[in-house]
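Below are two complexes that have subunit A in common, paired first with subunit B and then with subunit C.
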Partner chain A sequence: MNEEFLNTLGSIVGTATPLVIASLGETITERAGVVNLSLDGSLALAAVLGFAAAWTAQEAGVLNVPMQIALGIAVAMLVGALIALLVGFSSIKLRRDQVAVGFVLTLLAAELARFLGADFTRIPGPQITRFNIPLLEQVPILGPVFFQQNLLVYFSYLLMFGIWFWLFRSSGGLTLRAIGERPEAAYARGAHVQRLRYWYTFLGGALVGLAGAAYSLNVKPGWSSPPAMQGDGWIALAIVIFGGWHPFRVVLGAYLFAALRAVSSNIQTNGLFIFGQEISFPFVLLNALPWLLMIVTLLIVSGGLTERLLQYMPRAVQHRLRAFLRSDPPKALGTRFEME
Partner chain B sequence: MDIELRNIHKRFGAIHANNDINVRFRHGRIVGILGENGAGKSTLMKILSGFQPADQGDILIDDRRIDYKGPTAAIANGIGMLQQDPLDVGAFTVLENFIYGGAEGLTLKRAQAEAQLSDLTARFGFELDPHQPIDNLLIAQRQQLEIIRLLALGVETLILDEPTTGISAEQKDILFDALRRLARDEGMIILLVSHKLEDVIDLCDEVVVLRAGLMVGEMDMPASDKDLTSALIADTKGQLVTMMFGEELDAQSRPHYEIGAPVFIADKLIVQDLRLDMQPISLTVHAGEVIGLAGLGGSGQELFMRACARIQRVNSGSLHFDGNNITGASYRQLFRRGCVFGAAGRLEEGLIAGLTLIEHTALVADDKLQIDWKSVAKRADTRIDHYRIKGAATDNIEQLSGGNQQRMLIGLLPDDPKMLILEQPTRGLDVDSARWIWTQLLERCARGAAIIFNSSDLEELVTYSDRILVFYAGRVHELPDVSRTSIDELGHLIGGEF
Partner chain C sequence: MNIGNPRALAIRIAFLLLPIAISLAIGAALVIAVGRDPLEVVDALWKGAFKDSRKLGGVVNFWIPLTLVSIGLVVTFRAGLWNIGVEGQMMMGALFASWGAQYIPLDESLAPLLHLILIALAAIGGMFWGAVVGALKIRLGVNEIFGGVALNALVNVISIYLISGPWQPRIGGSAQGTEPFPTPALLPEFSARFPTNLFMIALVIAAFLIVMVMLNATRWGLNLKAVGANMRSALLLGVATERTSMSAFLVCGALAGIAGSYRVLFTFDNLRPLASGGIGFLGLLVVLLLSIRLLWVPLIAFAFAAILTGSTRLQIALQLDSSLAGVLQGLLVLFVILFHGVQEVFFPQTMADDETAEDSVPSVSSVVKEKP
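Let's look at the complex of A and B:
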């Protein structure tokens, strides 16, 4: 296969990684029944503070480069987790509306990021370096696309499989799904509903923070204003819905989105040629392409259509496909739980 | 295992829901827990199963005082409860639900659980596909799953809350067989909370009756292996009703009204649905007539009613109301012409949580730009008085008990409708409240209103309907003669035997 094409695919996987990590984080939070709407602001704040921490360590000459980056990542994850905890605390403890709180926090965090980032704008800092995986990088096609990346990208693969295993293969995952679907049933079977909701909100937020660091320390290194990742938080939220709260589909959605973005930016720089003929095209419309695709997919998987199709499938694959194709949100998503 | 409850007290605000309850449940016995709405039987069962703590009092298991908190602790002590709406997770498969709550360790050990599940289902003649999602199951199957799950957890006392609501006669027989075997063969205690006295007499060895938070009596039931004659059943029923209400209730029957001209005609109506294959339905309803729709939940009767009320899409066929073709009309247009729909979900569709009784009254008052709150408040008070609703006009609707919410719902109906389409008008109400509701409805019939209603209570259907339509998986069958149909026959019909 064309080497240039494989390189493009590889770079799509690389640039999609922050979206992958953020969407996976939001997936586990929402599976637990909590909507963390603060994503867009969290990403920016985590990105700038993570970068600032790594850069400061570099300037001060303390730590070696990997440790500077590790510090940046740790700070970013903490930022994301703390914002998520605020959402959790106000909805679980103070019984405020999750959507309202998340929305306010996203605005607040975004503004805070701009303010705190003023001193760090457009300066070079430490960057995560590429690290090819021996042997696997030699595999034709898959090697150059998936295994000539950096550690964060590899981590995102593990994360996807890990979350899938946890959700569908472990008893802890059953509890996680139950507290998002029917917390009363989870309570009746011994789950500490509130405590677990805190925990998964925290964990999901930490992953969102990690995604922020993945921007500022790798994909779009440094910090600029307006931030390069602006809007990606909302996209991640949409990808979770598109992905039907299933880790594989969520990751697929993130890659698809990044691919469409690459196509549209390619057209914008090189123009659109069909049979050697340049076609004039309003480029702004290209930006709407991913959303259009999302809506069409949602229409296909939602409604009674999938259930009807499933009836024609062999029994053995039916229930697996059903879990993969589902499009309903967790039933208790965004609701409060109180036991009398 | 023997259980003893000693001096149990529970208060909710001013209400003394359980007032010094003392009772003993012996192993191998099936005990009915009876009482009208608000008598405190649910509270007592919630205390026993760990869902609510008692304010005061002791629970003794085999003469040992046990202190537990939470339903899982109760299960660990061998006491499990099957809720009326089984506490399962709709998005899970049968197998996942079975595993959930019992599994230890990191992974799920599906194969092992599946073997145990099929063992238990085979033992009781239940039919459960381990890979079906719970959302696709009938309520009877969800009950079966929950019972099996609790058994697998080692429960020795099983509490069932209204388990015979919404299941067919055949499913009830399977359930009762299983319960009898658990009591006789394994010495389990079965506690049955039910409004259906026939079921209690059929299944139970003894009953405990609560009234206004107090325990007012205990009684042994006639042995079911002896021939239960209908005279004996009627006699026992009379005694139970007297204990429950402190007075004898007159047997209510449907007074005869003159049937008037046709008001509502459905002609070869096919309702659109993705899951059910709905067959064409033709029905003519006359003024003053009561049409009962029987069927297990989700057999098509709900869809048909909603299509009649014009809130469900129709594929083909036509609807006429009061001389007009209303096939394409909206519910609002129907409502203006005097056809009223009452939804089963009291707080979901019928009433609006967060609004007061006054505001509810204002909603059904005339459409004027400005609301005259004084006159609306007066009207609300009149309704509260007339419908004997326990609550104040300024209370939010969700503060009222279920029975009082239902009364308010009926109270909000217009006084002289031409037609009422009612989903389960007496769901969850005790005998007395249900009768009261029907008195109100039949008064409207006497003034010429037609009624279409559905119910999972077969006795209610047989008692009040002039005609009954039985639904099964989208097919419809009209009973030739309601007065000659027994409840048992109807129970088999809703299981699809037509």
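Let's look at the complex of A and C:
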């Protein structure tokens, strides 16, 4: 395989990282039965405040660069976690509708990001630098794609495996799945349903905040209005559904979206050649592709269409194909749990 | 119900005022945080919205589309549907109206007819995009929130393609906007002192009254409510749930489309990217603030339109970003929702009978979990 191709794959893995982290965060929140619909705004607010914190530290000349970045990341994670907690609190304690609160928070956080970010628009700030992993970077194919990245990207790999292990190989994860599927049963077995929901909402929100920082300190450094990540929050929410609330599939979905986006932006800058023949059409229309993919994936995993098509398949493969294509949400997702 | 009880009354009033006070306080704190004087902001907002009749006309020009989409959203919310796609339906209406404005050759003398045609086209455009969200939701099981978000983005891509391609100005084509539409297509100003369009105001009032009657005095309104409250029991009661849901999308789409036409045929005089300007999302906030009660929509929409109009002055007078308007509106709606919860959970005896907010906003379970 040629080097240029591997570099492209590597850059897709890099640019997909915020989507990966945000979707994984939302996955654990939703596994606990809470929908945090505020992602699109949370990402923006976390990104701008994280960047503002890191930039301010840099201007003041305090801390060294890695610590400035760490400060920015910490601020961003806190922002994401607090917004998520608000969704959790309003649902668990105040019995409000999660979608309503989440939607209002999406708009509010996005406007707040624009307002507070006005003074930080288009200025350079500290950036996360690349760090190749010794030895692993030499591995053919895998090295250039996965191991010539930065620490945040490596963290996203660990996060994926960590969440998978926690969900499916630990007793804590069993409880987590239980409070999202059958909270009454989990409660009867002695689980602190509400407390755990708070905790996983907080944790998921912190990861969304981290994803925000991944934009402003790495993938699309700095801040601009309209924000570079606008719309990605919604895509991340759709990826969770596409991924069937399973960390591996969720990450696959995030890479798929990032790859599609890389292809479309590459065509828009370099043109499209098929067998050496230049193909020309209005390339702006390519910006529709991620959204079409979003509709199509949701159609496949949650629509009735797949079910109907499956009927025509040979019986032997039906079951397997269904398990592969369809995804069912945690049964108690979005519902309240009352301890009566 | 203890409305007569003075203590209960005091608590009710407190819960009405507290969200407003808290959002204003947070807004003031934000303004201070960026080093400005909150009183100056209030002054700028007020002058920006009400300084003279011209400014007031500006408020009305936001009020018209905002009230239209809000009325439509009351309908979809009644049916338990989250029509986030309303922004895109506005935009599709704007696109249809823009097509007509450019290609229907009717001269000045037939301008009123042309306006009717253009508004009808816009309504059809909005209905079309609403029907796509509806079909995805009802026939194909794609959640209307995600379908709506995607369709919003798609119509924006289409509009940018049209503006930078087939509809680009002959000279200096760019992605800024089409050429101004021919004069007969543009909705006329009432007067230079009060630049707004009376026909559209009349249309908004008519839409308000018609939808009010339809919701409260027809079988259709009852069916909507039944579908919104509980899809399964509505089906068992013999309500054609799919058709009812689809009709809600169509009505909302039509109103949103008309709202979109006002943006291009009056506000801008041409088609621009994002011509809908977030008004659809703002309509969602208006309706959420009111727990889906139609009666107060025109009033709250007016208040929101005033804040929006006033905010344009923030940039000029104080070099403050106009997004402060959105921040204030968002805070207000958030705290109204939260305090509604506080009141319901901690002071249930002070709630009026019709305020059992449990079913005032569609239950999330119907939103996130699709029927198989």
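Criterion: the second predicted complex is superposed on the first by the 298 of 340 C-alpha atoms of A that agree within 3 Å, B and C clash if a C-alpha of one lies under 4 Å from a C-alpha of the other, contacts with A are read in each partner's own complex, and residues count from 1 in each chain.
Here is the rule we go by: a residue touches a chain if its C-beta (ideal position, glycine included) is under 8 Å from a C-beta of that chain, and two chains touch if they have at least 3 such contacts.
Since we're looking at a predicted model, the values are computed, not measured.
In the superposition on chain A, A:Arg95 contacts subunit C only, with no contact to subunit B. Of the two partner chains, neither subunit B nor subunit C is touched by A:Gln127.
When subunit A is checked against subunit B and against subunit C, the one touching more of its residues turns out to be C.
Shared-chain residue A:Gln268: touches no atom of subunit B or subunit C. Once chain A of one complex is fitted onto chain A of the other, the partner contacts of A:Thr56 are absent, as it touches neither subunit B nor subunit C. When the shared chain is aligned, no partner comes close enough to touch A:Ser11: not subunit B, not subunit C. Judged by the touch definition given at the top, the superposed model places A:Glu307 against both subunit B and subunit C.
Looking at the shared chain after the overlay, A:Pro329 reaches subunit C, while subunit B stays out of its contact range.
By the touch criterion defined above, A:Leu237 reaches subunit C but does not reach subunit B.
Common to the subunit B and subunit C contact sets on subunit A are residues 303-304, 307. Remark: subunit B residues 51-52, 70-72, 87-93, 96, 99-101, 103-108, 131-133, 274-275 touch subunit A in the complex.
The residues of subunit C lying in touch with subunit A in their complex are 30, 34, 82, 84, 136, 139-143, 145-147, 149-151, 153-154, 157-158, 160-161, 164-165, 281, 284-285, 288, 320-321, 323-324, 326-327, 330-331, 333-334, 337-338, 340-342, 344-345, 358, 361-365, 367-370, 372.
Put simply, subunit A touches subunit C in their complex at residues 35, 37, 90, 93-101, 103-105, 107-108, 110-112, 114-116, 118-119, 231, 234, 237-238, 241, 282, 284-285, 287-288, 291-292, 294-295, 298-299, 302-305, 307, 329, 333-335.
Looking at the complex, you find that subunit A touches subunit B at residues 169-172, 174-175, 177-178, 181-182, 184-190, 303-304, 307-308, 315, 318-319, 322, 326, 328, 330-331, 340.
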